[in-house]
Amino acid sequence: MLELSAVNAFYGRIQALKDVSIRVSAGEIITLIGANGAGKTTTLMSVSGIVRPASGAIMFEDRNLNEVEPDQIVAAGISHVPEGRRIFPYLTVQENLDLGAYLRRDRAAVRTDLDYVFELFPILSQRRHQPGGTLSGGEQQMLAISRALMARPRLLLLDEPSLGLAPLIVQQIFEILGQINRENGTTIFLVEQNAYMALRVAHRGYVMENGSIVLTDDSTVLLENEQVKSAYLGV
Amino acid sequence: QREAEAQPVRIGVAGAHSGDLASYGLPTVNAAELVAEMYNENGGINGSRIQLFIEDDVCQPEVAANTAAKLVGDGVVAVIGHICSGATFAALGTYLDSDILAISPSATAPDLTQSGDYPNFFRTIASDDAQAQMQVSFALDTLDVQRIAVLHDRGDYGRGLAENARDFIEADGRAEVVVFDGVTPGAVDYSAIIARIQQSNADAIIYGGYHPEASRIVGQMRDRGMDTLFISGDGVKDDTFIQTAGPASEGVYATGPMDLSGNPVAVEAAQRHRDKYGEEPGPFFLEAYAAALALFNAIEIGGTTYEGITNALRNNTVDTSVGPVRFDARGDAEGVGFAVYQVQNGEYVELR
Amino acid sequence: MNYFLGLFVSGLTRGSIYALLALGYTMVYGIIELINFAHGEIYMIGAFTALILASVLSIAGLDAISILVIASLVAMIYSAAYGFTMEKIAYKPVRNSQRLSALISAIGMSLFLQNYVRLAQTSNFLPFPTLIPRLGFLQQLTFQVTSAQFVIFVTTTVVMILLTLLIKFSRVGKSMRAASQDKTMAMLLGVNVNRVIALTFVIGSATAALGGVLISSFTGQINFYIGFMAGIKAFVAAVLGGIGSIPGAVLGSFVLGWTESFGAGYISSDYEDVFAFAILVLILIFKPSGLLGRPENKKV
Amino acid sequence: MVLDVRGLTMDFGGLRAVDQVDLQVNEGEIVALIGPNGAGKTTFFNCVTGMYVPTAGTVTIARPGTDARQITRMRPHLITAQGLARTFQNIRLFPEMTVLENVMIGRDCRLSAGILGAIMRNKKTVAEEKQVVLDSYAMLEIVGIGRWANETAKNLPYGAQRRLEIARALATEPFLLLLDEPAAGMNPQETRDLVALIRRLRTDHQLSIFLIEHDMSLVMTLSERIYVMDYGKLIAVGDPGEVRRDPSVIKAYLGEDVSA
Amino acid sequence: MSSQATTQPQPGRYLAYAWRSLLVSIWFAILTFPIIVIRANTITGTITWRWHNIGWIVGGTFVGSWIWRYFLERKRAGAEATMGPLRQRLAAARAVVTQAARRPAVARGGIAALLLLVVAFPFVGGMYQTNIMTTALLYVVLGLGLNIIIGLGGMLHIGYIAFYALGAYSYALLNLHFGLNFWLALPVGALVGGLFSLAIGIPVLRLRGDYLAIVTLAFAEITRLVLENWSSLTFGTAGIRNIPRPAIAGIRLTLPQTTTFVYFIMILMVVLTIFVVNRLENSRIGRQFVAMKEDFIACQAMGVNIARTKLAALGLGGMWAGLAGVVFAARTTFINPASFTVWESIIVLCTVVLGGMGSIPGVITGALVLILVPEYLRAFAQFRMLLFGAVLVTMMVFRPGGLIQKRRRAYTISAQEKQVAAEIGDPGIQG
């Protein structure tokens, strides 16, 4: 479904991605783990067209995304929960969610999806008319995830969704991810620091170091890998 | 003889050519170009071509100082300009030091001539106090008004006129200044100040400023059915005023150089302007045209030395677009008679 | 009392005039946080286009109403095109740089357009034809309201309501607000940010042109410089009302208009602009984000 | 007792974000504040550090060995001068300045050079400036990001930015350090390094530490006492063992399966 | 994208350029049609059609658009990592130059050459050149002063010229009434400028960004309007004339001599300004200015007194304007409020942004460019301001960060000091 082949990306003179190749098949959950500054965020940004690779190709269902504008990439069915949440601070929670469904025309379905996310995160429905900027950190994270869900993407890119969330909610988030993957067939590309949880929900995983992919395998295998254990699982 | 032919007579033209006051400076450029062209077509002055150095001073003193230095460097013998009194003050010192004279079509500050500080300055326009004096005596003696509102456009020309008028009225004692205030040029609406004039029961307004604001003030006054008399100066004595203000302009008084409609030079000047630039001449065009004529004539008579030109200017009378002109010792134009005009049936008619 | 009413109407007129310009200002500011110094120039170009068109049409022998309608429409289309082009040339390339670069670019644009019109047309004032017909029912009021004043006021109100609805409730409006707060995120949600910004300029410029036609019919004359001071006043009004807020721009304009006309009427018209600027300072001291502006989100 | 908060309440319009909270931190103690998202933890921090003016309640601090003083409603920079320092949940560095300069800003509040000193560059100022650079660099080394000293702050990876925040806070010479989610965005290995760092800070710099965190592995290993908030109210206090077993905490926050 | 660009065959690219340029020129032909072609004169009721103008527009925009596109593309390519061979060579050359400049002999030589140039300038350039250079130097001082407020303090101030006006009027009036001489007026002007800047700073401390901008603009306009209307004190629009030029007791100078003298006064003042601003910038205060600009909340949390820091920036900035104002009055010998319009504030703002905010060499370059360019554009007469506007836009599009951009200072820490510091820290956790 999504294929990055030998992607290189730069920030000015700093090379953030070195020959990164990643393949995501339809219906799969894959996770990308790695230390701070490894280049995970950059990888996701290059998929959604915010960072432009200097070389290499990003293919989404036989379409080369290298030159496609970000809004067209969204229209193609990719939705991205970026690092740092990026809630619209002066729009209300409701309006933030509406914008999630910006490209959708099926009003009735949008309404059911809205009910669905409010059910997932009841606190959001309580805060419905509050400006997004005044939410607590965790509430903002919930809103960011919900907003992406509202787009009903076929491919969901998530950058550290568990950041700043209470343990109870973290568990819940990962359950939800599994659930929408199973029920709606949404493909998920997950970047996480909480490698243990991520690998448990994902089918396959990639490990990134200093901008390069150093390891990839089924997540059950990675969970047992000594190197991964010591570096990322903290055991 | 050969030498002289090779050496053009260098003349500076300085004033606001960009920015908000450009419309008062550019007509002078056109006038200078027209007159220079006329001379050059006839073989120049004593065989030398006239070469113009046109420099923008945006009507700002410090820019004018630079402009003046530039013109000095260019080797001009005389300058037509500047347009605003402030810029003129700032430039004159530089000219004086380099033996260059300036002849302005529009700088009206009394001090320019009356202080005696600037023997190199001449002008083809009356100073503020002369015009103001005329407006006030006309209002008091002829129109016999008791309550006068004095308005101005806050520029140095308009405010100078208005302040002089106010002082004359107060000194005279027969009438009372009921409102003294400024309007903002380019403001969208003047009804507040008009309402105030209405409230004050003024019989007449003396306005110092230019025609764009005047036409709007008069227009809005007549719209309200006010028949307050309106007296202004040469900034308003311009046919554009009649065209913009339309019927509201009927009855408006303005002082201005005498005898222009019948003046063949003025008629010809306007016609040449239309031919060359395809539009009506703008403010101070005739004064500038007169300045150029007087200056070139003086050079023809007195040569290109400072002494020669200034003497010639003071001692010869020339027919110009503002009438026959000769300059007095201080640099004001003698013989530019001033008269009061009134708009009657869509044109300015000289009274008396 | 009549005097007071007169001043009131005068303030209302000024206010409506400022508002027509402030609306565009505030929209553009709202989306790219740019003090668009050239907005006044767009208004001036609208007025010139209308003047040129009206002259051509009146020679062609059309009646006043058709001239008004056609001239306004064409002026709006042209100004919108100018706004659009200006954004592409002068603002889009600096969008991702420091904010002040765009401001300087706007100042350059303003100078350029002023002189462009001065050179191509004239530096002199030109009488602007009275395009607005006389409205009979206004004569019956006890105080003086001219047709132009009335039409300007009504137009301002209508435009304000339409724009408010557009921004608050329409999809486009939501995307405008989103783009104004976080362009990257808006893109990530599928908003074509370039198009949204261009559209904002188009709408803002068309409003300015409408203002240009109506205001010039009221003032009766135009030249290449009318945009500058009007632009500054509109900017003051927009800030006074809370920049970025559509109703704020209108409220700010009225406050400004009344301050000026009452100040001029009761104190001195010499200091009219001083009152205008003083009220601005005063209001901002007590309400740092303007009358209807959104307060700073202080969440830490 | 270095921090003593009594009856702290904070309202936003109709919303009571912090409700009558009493809380103490003792000298040399590491105390954690946990609770569900939106419970009011960050708001509580903001009230203590003067970013928000609380609706009600008092905040008292005492630098070890000195008298207690009230800092309620004091302006933030004065509170910092008193010896409280904090980090931010949503990182707030000076993005265009270098890493070293970021720390130097923190250091600056302990210096005295004024405008005249800066212009004259007298001996005292020169010495002071030199010392600031060295001290600040030392702070960077303490948190382990010395090699990035001349890098622009915004280009640092997330985890390093968090450390920089700590270094910057340390530079103000606090006796009480408030950390808002210091481990967010760190992987378990990095979190362990952080735990070590915080422990070392306490011993080496005689600090008391008060932190908010959602990472239970960190909270449970590090803190000596834990306060739990929910809907603005305190629902539990105690040592890690007690809190972990508290049914109301499990219900509101931890969930059944705590993998820590 | 660079790979895409390079793989595309060159001729095809130029053809695409040409096509786009053609479209652009047609668009512009339509856009400018009413204004450029038709001239309506509502006074005479005539209409002139000037069809030939269309030719100019089409031709001009075709070429213009081509060049524009070419350079935009280059700029975009330049932003990416891969440097073209030319740029690499340029960078190498620059490195050599900076390397050389570090050598004391070369540096000394460079300074000597600059000094010679500066000293010789009035004698070689003549009075006009000296005059405009003096104006440019005045704007250098203004630019550097405003840079303290905007470039360092991050407060968008567009009323800066008010302090300049007050400096000028202080000298003019004190001289008129009390015979105060130029040299004594200098500190007085600086004081007036600084104090006034503080005074208007206090009420607006809470304002940020563009709200501050408009309020400062408002204050400046109020100042100008008061100068204009309070005739009994300020002589209103008529202005004050015969302000004495700077003099040395007992020596009579001719006009060209005073011009040169003022030039040297300005050179000294610029040197002083650079000295002070440079020291400020690299001090505790300067750092706090920048920090305040970057994150105001974090800055408070770091113990910085925002109010005091803001006022310090405002006061320091205002002083330079007051000082420059005194020289201004002494130089033109005539002042009136027309010299202190919003437009002047905007020009000073432009010098700061165009040069490179916060960078001293940048601001100097900006001021020189902005004042000298319109002077040298005088050759284009009528088109002067049109071109000036275009120059502003073009510069911003192609160098949005300013001509010389600010670089944050890098501090060097010796190996030994590193060692000491590392011992304090725990090497075990170094990431």
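Just a few scattered comments:
Letters are used for the chains, namely A, B, C, D and E, taken in the order the chains are written, and counting of residues starts over at 1 for each.
Please note the rule applied: contacts are C-beta pairs under 8 Å (C-beta built on N, C-alpha and C of every residue); 3 or more make two chains touch, one makes a residue touch a chain.
What you see is a predicted model, and the numbers here were worked out from it, not measured in a lab.
Where touching is counted per the definition, the chains common to chain A and chain E are C, D. The interface with the greater number of C-beta contacts, when D-E is set against A-D, is D-E. Averaging Cα coordinates per chain places chain A and chain D 30 Å apart. Rounded to a whole number, the gap between the C-alpha centres of chain A and chain C is 43 angstrom.
Chain B and chain C, compared by their mean Cα positions, are separated by 35 Å. Residue positions of chain D touching 2 or more other chains, listed in rising order: 42, 51, 88, 92, 159-160, 190.
The set of chain B residues touching two or more other chains comprises 18-19, 154, 182, 240, 243-244, 279-280. Residues of chain A found to touch two or more other chains are 36, 134. By the touch criterion given at the top, residues 49-51, 75-77, 80-81, 85-86, 88, 92-98, 100-101, 104-106, 108-109, 111, 113-115, 117-119, 121, 125, 128-129, 132-134, 137-138, 140-147, 149-150, 152, 159-160, 168, 172, 190, 193, 196-197, 200 of chain D touch chain E in their complex. Note for the complex: chain E touches chain D at residues 276, 279-280, 283-288, 290-291, 294-295, 297-306, 312, 316, 408-411, 413, 417-418, 420-422, 424-426, 428-431. Residue ranges of chain B in contact with chain C, taken from their complex: 18-20, 22-23, 26, 154, 181-184, 186-189, 191-193, 195-196, 198-199, 211-212, 215-216, 219, 223-224, 240, 243-244, 246, 279-280, 282. Chain C contributes residues 171, 174-175, 177-178, 181-182, 184-193, 294, 297, 299 to its touches with chain A in the complex. Contact residues of chain E toward chain C in the complex are 27-28, 30-32, 34-36, 38-43, 45, 47, 53, 72, 150, 156, 203-204, 206-208, 210-211, 213-215, 217-219, 221-222, 225-226, 229, 297, 342, 346, 349-350, 353-354, 357, 382-383, 385-386, 388-397, 400-401.
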